[in-house]
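In the part that follows, the structures are each spelled out as structure tokens.
Each of the next two complexes has chain A plus one more chain, namely chain B in the first and chain C in the second.
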Partner chain A sequence: MKKHRVRRSIVATSSIIGVAALLLGGCTADGGADGGVAKITFAASTFGDPGRGPLLTQWLEEFNKSQSEVQVTAAAVPYPTFGQTVLTQMGSGQGPDLIRFDMPEFEAASDAGLVAPLDDLVDVGKYTLLKQPDQFLVHDGVRHGIIFEASNYAMFYNADLIPKPPTTYEEFTATAKSLTKGDVFGLAFRQTEAEEAGVWQDIFNYVYGFGGKWSDGKNLTINSPDNLKGLQAYKDLYDAKVIPRGADAATFRRMFAEGKVGMELNNGGYVTATRGQNPNLKFSVAPIPFPVRSQGAILAPIVVNEASEEKEAAATFIRWALEPANQVKLQEILGASSVATVTERSAASLTKTPFLPVFDGLTESSLPQIVLGFEAKTPDIRKVVVQNVIAALQGQVDLKTALDRAQQQATELVK
Partner chain B sequence: MRRLRIGLTLRIVAVLVVLGVAAFPLYWMLVTALSSNADLFAERPRLLPDFSQLGVFVEGLGDGKVAGWLLNSLLIAAGTTVLSIGLGIPLGYALSRFSFRGKALLTLVLLFTQMLPEALMVVPLFSLFRRFNLLDSLGGLILANVAFVLPIVALILKGAIDGIPRELEEAARVDGARPLAVLTRVNVPLIAPSIAATAVISFFHAWNEYVFAVTFIFTPEKQPASVGIANFIGELGTPIQTVMAVAFMFTLPAVAFYLFAQKYVVAGMTAGAVKG
Partner chain C sequence: MTLLEQTKVPRSATRRRRSPLGSRWTPYLFLAPAALFVLVFQAIPLAQEIFLSFTRTTLLNPTRGRWVGLDNFVRIFGDEDFHRTLVTTFVYVIVCVVGAVGSGLAVALLLNRGFRGRGIARALITVPWAAPGIAVALIATWMLNAQYGIVNRFLNAVGLGVPGGAILDSPKYALPAVLATTIWQLFPFTSVVLLSALQSVPHDLTEAATMDGAGRWATFRVVTWQVIKPVVGLLALLMTIWSLRRFELIWLMTKGGPVGRTETLVIDLYAQAFESKELGSAAAIGMVGVVISLIVITGSRLVARAVAKENP
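Now for the complex of A and B:
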């Protein structure tokens, strides 16, 4: 009898919790205009970065203080599934009002008509935009985005472990090998399929750094001899066990911050993130010492969701962000990255980060990590290439066969 | 006698091994959360937690975000459990006891839904939820989870009801019990262990669910812990100790619920065992 009473009370309590959940859940989020104030959301994976995330949130607060009719809040979309989540939401006519995309997702979204044209919303003629990165944001004369962050790839190295940075590929491999001992690794890069986008970013530097490219603008060139050379270099380093195999980017970046990794190829945004993890780490930056001075760049445009009911409010935020003072602040938050407009590095930031000119000097030779001529198909091509390269890393197939297979599969995809 | 002792020792060792395998991830999360930066990547990993690092838990709970995520997870998991069992019992009963046209097909369709990956359902469910204004609400998320877990709950309960002799129901009817009373007073107590088992399945599914939650919920304050934890993973860095501390806290309510439900599974299985 007692047991029955206990069970009933449990059922009653559970039911109350369930009903409460339903009632609570029934209240949907506030959205759009509220008492004359347009509330917009801004999704950027950068909000989750240590060091940069909290500063970016403060930057948004500065916007909110400066406005009486528009208020922006950061939409929390986790980085690991950022593109997939936001594209699903946008594809169904929902999602954040403003989005900071990486290039592959930007191309896919603008090709699918999910991104609002900005020509009537932002008069870019008023601003001195950086031409090299900006050119990739205009499709057939229609502007789909403004650069939020442009960040060139360079070689980060632990200055305590490596007093003089390598300047050739041979020195690079020799340094990686000599440093790898005990719990210290000479190098780190992404090498698992779980980090598909990251592997693509990493192998991009090897392919372009050895004179290769993914396409000639009209046809895919995935299995070209130069690509094979670059990816063989990537595989050789993997086979030499100079990297912490199996470690994901979160882990090996933390290892770099703790002095357990000697070198890493990364973009300018990494400067603030690394200092955020270990302010005492002595590190520096040099150009990637591969045979050809050509490397990837993270171009991250800010776009307005075509489905947004507050496009004008979203454009207000972009116009505010493009103001010179706010561009300077944004650049300082983002670290060694560039922003949309031409800005001057302050003396204070040059003193604090003397290698900033290294990044700036790479702008002309940096390319967005997309397949030129097949921009909107980049995510699909990326999947095919990464899957095959990883299969070669794991010894399931030789690298040449893997690239031939990738070429064939990707060509089928883009037909 | 000696053989018995060896057998007992082997059994104890086997239980300890299984226990170790099951508990080790939880323990390792705790050790990682309580590791200093220097210990985190040391060549010889630290095997015991460093309790001087307990501050990481305070840090994790600091701004109240984590508590909010855990509360949301609790509401979603409890709502999913109550609703899926509430709907699963009559559905399982109908499948077990009534004959109707298309019953075999319906059972097959229910089974088929379990073969679909969640990711495949996201886009159609998103469009549907948008039409019914269920996006960005915990209620909507509960419904999505129930839709996914209800078939398996119903099928398990059907199997349990199949095992109850019909004579018991007939006897209750002879005593004047109405159909609802037959279900709630005769069948439900007899299938209590199965209900407890399905409660565990429903609760765990909703507690761990990520794909629907990350897509359907936009407001940070409404996110469950499964999504909240993923927010710590940044593009350029991840606070590993904090993630592990929050993940450790995230596992505890689920473990507590399992221990609570397990008692009823065992109680149900042994109920009546001593009656003549």
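Now for the complex of A and C:
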């Protein structure tokens, strides 16, 4: 009797341990081979976009149909927490096999050795890559990514409210002021700490558009006179109350779509989304009318996770994505963004969106929103700069003092 | 033969009736799952946190930390922003406790009186407590929205509008707005608990006090307060610990901003760990939080013991 009980408990305990081991085993592998088919995951925040997400998923399905040994699954992680979620997974040796990163997170991940070098996996010599954005994906001769999407910043304007877009900064401010009346605002930009990454993207255009830069490659130049000039322009517009203060991007983009905001500086990725919000909105795009033709660009490279057990399968997907026909399809899906290689816009897309050449023409003067020379530290520097600029906006301190403080704090961080 | 001696059961009889679960290991057996839970989900992570706080560890390479001794603590205590975080934490906790317990008591006193529709009022009052924290934060954010928010519209209409309209972006008004939302969510809980305490106040005592000529305030102070005092103490302790730990409401409303005005310890900890990716500094901030919690719990126990001694 006693023997039976002991045997029963041994069997029960072994079963529990077995089930637990199976469950844990299932949790630790994101991809893997199943019956000779390598299953990989591709994480991107854009899979969750209302307009582009379903089309991108269809594009992945085309890959799956074309392959017998590799199958890719989309993993949509929301944009606000994308970097945190994926970097935390990768830091613990887990995570998706393929990732579409934004530049700050890409730099942090590649600096930490979490991204697989692509030199032996993809022969880039076979493709005509866009040189300007592509140069930022190679570190000390090692390639860590391929451009998935490059989206230049330009000025979106409501063509009903603004028949002729401003071409100088003076015209820009005058237009913003003249349009602001009642619940209509001439301009909109991000100005709240809750949207730290967005504020950084917006002030980047003001700093570079007034001849400034965040570093000279070796030292930080946050408080340089040109940066002060650009950020003063940003603050002046805030103080002039020509923007809907306190409105987040989702709110003011809806206002733009409703005709309640005249202008906003935005990237090509939002053309589709803006149309989706109001198909009847008459809007157009022009270069940002600041003194210097230099603006930010959202560069989103696709990378392979160093911890992936299916690197070759992941590289198969990248090679497929780089094929000319698939690049054209991807560009059609992404709208006004560029892709990794030089592609021709179709006549149909040019008819539908006549301002596409404006975005394409900005590629050479667009820069990724990172601090050159301190790429991996960009998220930390961004936090310091944004906090201090917002302190100045809120009247806690004057702008010069805020930038001096940011320079000192950021220098401490990168020491 | 005394009654006690009569009720004594022979030892052999006790042994015979003892159930198979009556061994001296039985209590440990029943405690084991809870102990295992505490060990796995509390003790081990806490030990790990203590270790992390003495290392320079990043989120991107969590297994490659470097021992730095007290550096993290020296750095955070030397940082002016951390001093502000501590002050904000104390202000947030104190106002939450006083506000939630005070308003809860006021509402409980009202609901303890007889009036038509009391049952419905008692049910409705629990709604904010029943609502998930995330929903409460999102509703509050919408109500306080600078463009469409009803609060902003009302304040503008009565001439009390915040310049620019962005309450949650104003260094002056963001913390009061977060506090008001927190108290709004908490007071139903305190009022329900205090209402049940008020219902346990013996009627004959309050009647006796009234017959002796005591006014309402004197009756409350001498009779009611004495009965509900231990419950108020317990609520204050719970509110303190919950307020020290509260994350989602503050994070969703302000992310600790503007310019750090609503940054409490847990917000700072999260930002250090997941935004700056500095697990070592985050662990050091967590240790400060643990020490504060221990001080609060020990202090409240000492106070409770002293009160018990005074009123045996």
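To be clear about the criterion, the second predicted complex is superposed on the first by the 384 of 415 C-alpha atoms of A that agree within 3 Å, B and C clash if a C-alpha of one lies under 4 Å from a C-alpha of the other, contacts with A are read in each partner's own complex, and residues count from 1 in each chain.
Methods note: a residue touches a chain if its C-beta (ideal position, glycine included) is under 8 Å from a C-beta of that chain, and two chains touch if they have at least 3 such contacts.
Because the structure is predicted, anything quoted here is derived from the model rather than measured.
> Identify which of chain B and chain C touches the larger number of residues of chain A.
Partner with more touched residues of chain A: B.
> One more residue to check, A:Thr251. First (chain B), second (chain C), both or neither?
Touch status of A:Thr251: both partners.
> With the two complexes superposed on chain A, say which partner A:Asp380 touches: chain B (first), chain C (second), both, or neither.
second
> So, does A:Thr88 touch the first partner chain B, the second partner chain C, both, or neither?
Both partners, chain B and chain C.
> Look at A:Pro96 in the shared chain and tell me whether it touches chain B only, chain C only, both, or neither; answer first, second, both or neither.
first
> Applying the touch criterion given at the start, work out whether A:Glu193 contacts chain B, chain C, both or neither, answering first, second, both or neither.
The second partner, chain C, only.
> With both complexes overlaid on chain A, does A:Ala174 touch chain B (first), chain C (second), both or neither?
A:Ala174 contacts neither chain B nor chain C.
> Tell me the contact category for A:Pro80 with respect to chain B and chain C: first, second, both or neither.
first
> Show me the chain A residues, by the header's touch rule, that chain B contacts in one structure and chain C contacts in the other.
Correct list for chain A: 88, 91-92, 183, 251, 255.
> Within their complex, state which residues of chain A touch chain C.
84, 87-88, 90-92, 108-109, 112-114, 183, 191-194, 196, 241, 244-247, 251, 255, 379-380, 383, 387, 390-391, 394, 396
> Inside the complex, what are the residues of chain C that reach chain A?
Interface residues on chain C, with respect to chain A: 58-62, 145-148, 164-171, 254-260, 271, 274-277.
> Sort out for me which residues of chain B touch chain A in the complex.
Touch list, chain B to chain A: 37-38, 40-43, 74-76, 78-79, 81-83, 122-123, 126-127, 130, 133, 135-142, 192, 214-215, 218-220, 222-223, 227, 230-240, 264, 267.
> Sort out for me which residues of chain A touch chain B in the complex.
3, 7, 14-15, 17-18, 20-29, 41, 45-46, 48-53, 74-81, 85, 88-89, 91-96, 182-183, 250-251, 253-255, 257-258, 260, 266, 269-270, 273-274, 276-278
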